[in-house]
């Protein structure tokens, strides 16, 4: 077990030249890869690698909501279940929801509620499932970003994609997209999610210590980054679309009607965590 | 927390009052309800407080016990926050395991205390790696009239501020007051259509589109934020809310101290 | 942790003059204070301080019972949930029902079942919630006494109030209304609840060791005491009624239609426990 | 325990029989059913008994293990009583966590044993503050025909009386019989309108207004009482019930010993 | 706590003459006793003693299945709940289902599904309850055998009884019907259940190590034994039937209409376990 | 796992294809689907693998931690297998505690590994009676297209084969690979009326009468068997299934090694 209390004193998260431990500058994202349509049974799906995070999202619906007493006669329910695989963190996480994942599921559900045209599908539910397979700080942003693509892949009508990113503070410097070391030893983390076309903030959380000025710097870094991520989301959907056409042409009629290969997972990870801590201690950190 | 329905008439009345600058209970948009804090109300607890924010009534008890530190923080005390939305407080609360509403509430209160470093947990180590003080913050909502985020935070802060660590009974020297070093104040703003109202009452909360809780410290720095509900905020709205939260926080802070 | 096995030898719960540790005589009640109508959302409520006990009761209903399959087509359900706040006892109690509180909830529900005119409200439930905020032995009696006032405050039609008190045996002497020390180190405890106008016993429990004669002495002490408590219950309701009139006269029409001040809790407690024990060890003691 | 409905005809028959002084199964009002006790029926348990009270059939097993004492009673063994109302025994019992009925039953049986000091728990201390014997009393109801309070109590008492503490397997000296020092007997009376009937059968129990269980010891002293159901007793009725319980208890006590 | 790792070296489960520790030969069953109709409330019941196993089975139904959404409009549900009493094993088992008993309940339910004429009773359930009162390896076979008799006793229409037995391997020898020591220290166990008239296998499990030849030997031992057990099942039902006639003749009209004596449990057990292990460690052994 | 309904038309098509010797996806009756194994896909796990058996997609992670041995096996490591049928993988899977389907699956996979002595658990003892290595096998089903028994077993075996025991971080010497000594392979056959099909796809599985999983080792010996579903097998069918399982197992075994 690593003793985090004694590490920060030695550890310099960002040097005098503004270079972070994984080589990034303060306004640099970790490598991000997005694939749409990676699962067969789900109505829509997406896979995101984001630094050391590996996250899958699947969407079912709109489908009849049950139990029935939960149905809303005026609109679809948008329900997200965020879940971490037991092996996705350094110390095995017990299966099943903990308090942290219940909260994250709630804020992600709320982030999508105003974007999906829920009125078109009364009494139904749109069910979003996010599975974190490997965690490296920022899993809620990666999960939201993946879920957004999965919703589009499922053909769920939306006003726009939702795009998510975090910024924080390390070594006194406001930086974009903290990795796990930075989140553990840094001074603040502030994840947000935005509707890129309108600039509406649909998710916003912060913990740590930021002056009002620092907060504004963090937000500006995040807003700028979401524009880039938004482009990657749309790319993934474009690739998926054209790929499907190709596939349909190549294959025999009996074949499955959609591309189902889970992309090879990269095994080279930029900024991979050397240090990793208990995600079970759920109320202590929101950074995974 | 939002199972019951507000009539269209009432929604209209609430909105038009606020739009005119004077809410249904007479408050200005950026004016919190009357805050009444009573410290030390429960003798069986090591610390306690009862807080009434308008008619929202919360009692918070602090229990201290000796336990193990987390392996990665062997020299610091442990904090555990629980909210019970007991069915006494509202017809919409049900007995049973905590629902997402209560879990979010407990975690936001917890982060507000933890991330603001309100309590100096380094002073709660007894034997490194082996024994530390564990603080249990139990928030018991008695009467629900909206804005539990702030009422619960105030109750927790006020209760912590009265807490005496029972070291003597454990053979660990003299009893001492919990080392409280910062005074975070959370301020919640609700968005109703185009309006931002501070410290929403129950009717306002039930019709709000979005909610933002901002916890600031005695320097006005931000220590925790949490956006909730299904609507959204513009970045400009967020900035205005932070500024109001700093101002309201400054005004309320003195009431929390014993 | 106090070792109760070694204390009783030193501790004399009642002296040769018949004076108890907190100064009471054998037939003396602890100080009792009762307030009606202390909560806003509940249909009826009451607050009771009884020695070191602080107990709130709230009543909702008659309201539609749900889940529906529990509805009784012939009568209202009378359901009580007795709950101890985690901080109400010396060693923190885990939130949620334990075996002790399930049993107490059951016997209190049964105590009210024959008193409420349940036939008038088929398919509904009358829900009684008792919250123990600070415990000092006798919480079920205090809770019952509070719940009775809350039912009246809610306007639930009843044949009469229910009034509750306990007697027990300490140092060989039958005494009224044991406090926590007396309950822990005494020889018997016998809580009861009565319908004062008819003398019907609607709750009766005993554990410890009483001869038949001692039992009869205990019952006679309790029965006499319930007459005094019954008077306090009625006083509280009378005060509440007149107070409301005053309030209504004073206040503007927009104001809340009922008095909602939770009375200041007293911080001076007669007979406050110096010693306090685990309420979690639920089957060992019924005295809280 | 009372989900099934008794027809009005049957209720009338049960009441009129009792009123005439001879219950439907031929018993007098203060006469318990035939009690059959078989000791030592389960080899895997440290103590066991099967009890049939009329057609109510209960099997009780005692398991002894070494555990920690409670902090406030560092020198005494620990007692834990569980009742399983398995769905085998009645169409009204359901699988799942114990319902209030089963919890009340277990707690009343437990108090009857605990408060009567039946077992001298001081002799079950191994190392003060560290190790004591823990007795698990598991009550398994096989066939339900009314009055589980008494059948379970008798089963528990009879099983405890056969229990051999397995000290040798733990390296703690020779095995020894559990130190049973008192013989509490619980007797349950049901009130049906104006009548009091001892040891109610299933039909009587289902139509009873109130129930009173009185546990008395070999001196006739009262060790535990529990009133149940939605009706009430007058003080005079309570006194009559106690007197009957003393008498019936004396008659049944010898059957419980092995 | 016995240390099983060090015992097998000393322990010879079967000697050179082919005699097992409890005196049996390789193809010998433990003593089995079967009684039908032993409980009063259940619609059908049976009691089985099999070596050191004591098992009760009860059947309710066909009766309305609930909760209703589980009803099958085309057939009866056949649902088994296998349960071990806490005192049935050496180390007390916590009450309630564990993973092992959930699996056994499932495979037993499936074993009966094709034998009961379920189509005759749509929307109902046939509920089988198996209670293990004393365990000595082979409880699922004993339970199945008892349940089969209880179904017949309840008058549930079936194509045939189901009969169950296990074989395994100890000391390199394929043997019938392992007891607890043999199961713990042996090399394999293979329980099965059969429809005797047709030879259909309705339950089959195996764990350990068997060559294909050994497996065939084991199956042949089991199949032969089930013929003998089938006869005992039918005997029990014949006795029950004639007994009832006798009883009805003897008894007064007011008496209970069926024989309800639980047979005296034998206290002499052949092959009683000297060694006994944790049944809680549920995934390690399926042998109880 | 079988909540959704297959149309009669589809059932007929599936059966007639198989009867004609060529299943709907073109396979022969005794031919498993394409197996793709990717080792070491999760960096946070001590071992991991992703397995696709046709379109059934499973990811398995192994976590190693230090814990106590069972009292009766003081010198051997501990194995714990969990399956999560997460609702991502199929519209018929629901969140919540594991249902009997998932429990049976986890126990069958567990027995296949345990009883085959795949991992030499004697080499996972650290201090007898006190400390041993605990292996957690977590099986996460991502996409469900039938035959989870085999896909999960393959995933578990492949993940175990890549596992490095993190001894160094615990101060217990150098890291070392998990001592994998045997290569059990489970092969599941479904019975559809009179036909036996190996590695059933989803549609085949949903209409199967019975299922038999046979785990064989590198010598063709049987290490575990599990019959499932409501139908039955003749003894002859069982023998044919074992023979096929031996043959298919031999063919698939090399794919599982890293």
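We just call them A, B, C, D, E and F in the order they show up, numbering each chain from 1.
Everything below uses one rule, namely that a residue touches a chain if its C-beta (ideal position, glycine included) is under 8 Å from a C-beta of that chain, and two chains touch if they have at least 3 such contacts.
Bear in mind that the values here come from a model prediction, so they are computed numbers and not experimental data.
Colleague: Expressed in steps between touching chains, what is the minimal separation of chain E and chain F?
Modeller: 1
Colleague: Listed by label, which chains are in contact with chain B and with chain D?
Modeller: C
Colleague: In how few steps can one go from chain A to chain C if every step must land on a touching chain?
Modeller: Counted as steps through touching chains, the separation is 2.
Colleague: Can you compute the centre-to-centre distance for chain D and chain F, using the mean CA position of each chain? Integer Å is fine.
Modeller: 48
Colleague: Compute the distance, rounded to whole Å, between the mean C-alpha positions of chain C and chain E.
Modeller: 51
Colleague: With chain centres defined as C-alpha means, what is the inter-centre distance between chain B and chain C in Å?
Modeller: Roughly 30 Å, centre to centre.
Colleague: Just give me the whole-number Å value for how far the CA centre of chain B lies from that of chain E.
Modeller: 58
Colleague: Give me the residue numbers in chain B that touch at least two other chains, ranges are fine.
Modeller: Residues of chain B never touch two or more of the other chains.
Colleague: In chain A, which residues are in touch with two or more of the other chains?
Modeller: none
Colleague: Beginning with chain A and moving on to chain B, name the chains as they sit around the ring.
Modeller: The chains follow each other as A, B, C, D, E, F, starting at chain A and passing chain B next.
Colleague: Could you please specify the touching residues of chain E with respect to chain F in the complex?
Modeller: 1-5, 99-100, 102-103, 105-107, 110, 113-114, 190, 195, 199-212, 215-216, 219, 223, 277-278, 281, 283-284, 286
Colleague: Taking the complex as given, what residues does chain A use to touch chain F?
Modeller: Counting only chain A, the residues touching chain F are 39-42, 52, 54, 56, 58, 60, 63, 81, 83, 85-92, 95-97, 127, 129, 131, 133-135, 254, 256, 260, 262, 264-265, 267, 269, 272, 276.
Colleague: Where on chain F does chain E make contact in their complex?
Modeller: 70-76, 79-81, 100, 103-104, 106-107, 110-111, 114-116, 212, 217, 220-235, 238-239, 242-243, 246
Colleague: Sort out for me which residues of chain B touch chain C in the complex.
Modeller: Within the complex, chain B contacts chain C at residues 24-26, 38, 40-45, 48, 50, 52, 55, 57, 59, 61-63, 65, 82, 84, 86-91, 95, 97, 136, 138, 140, 142-145.
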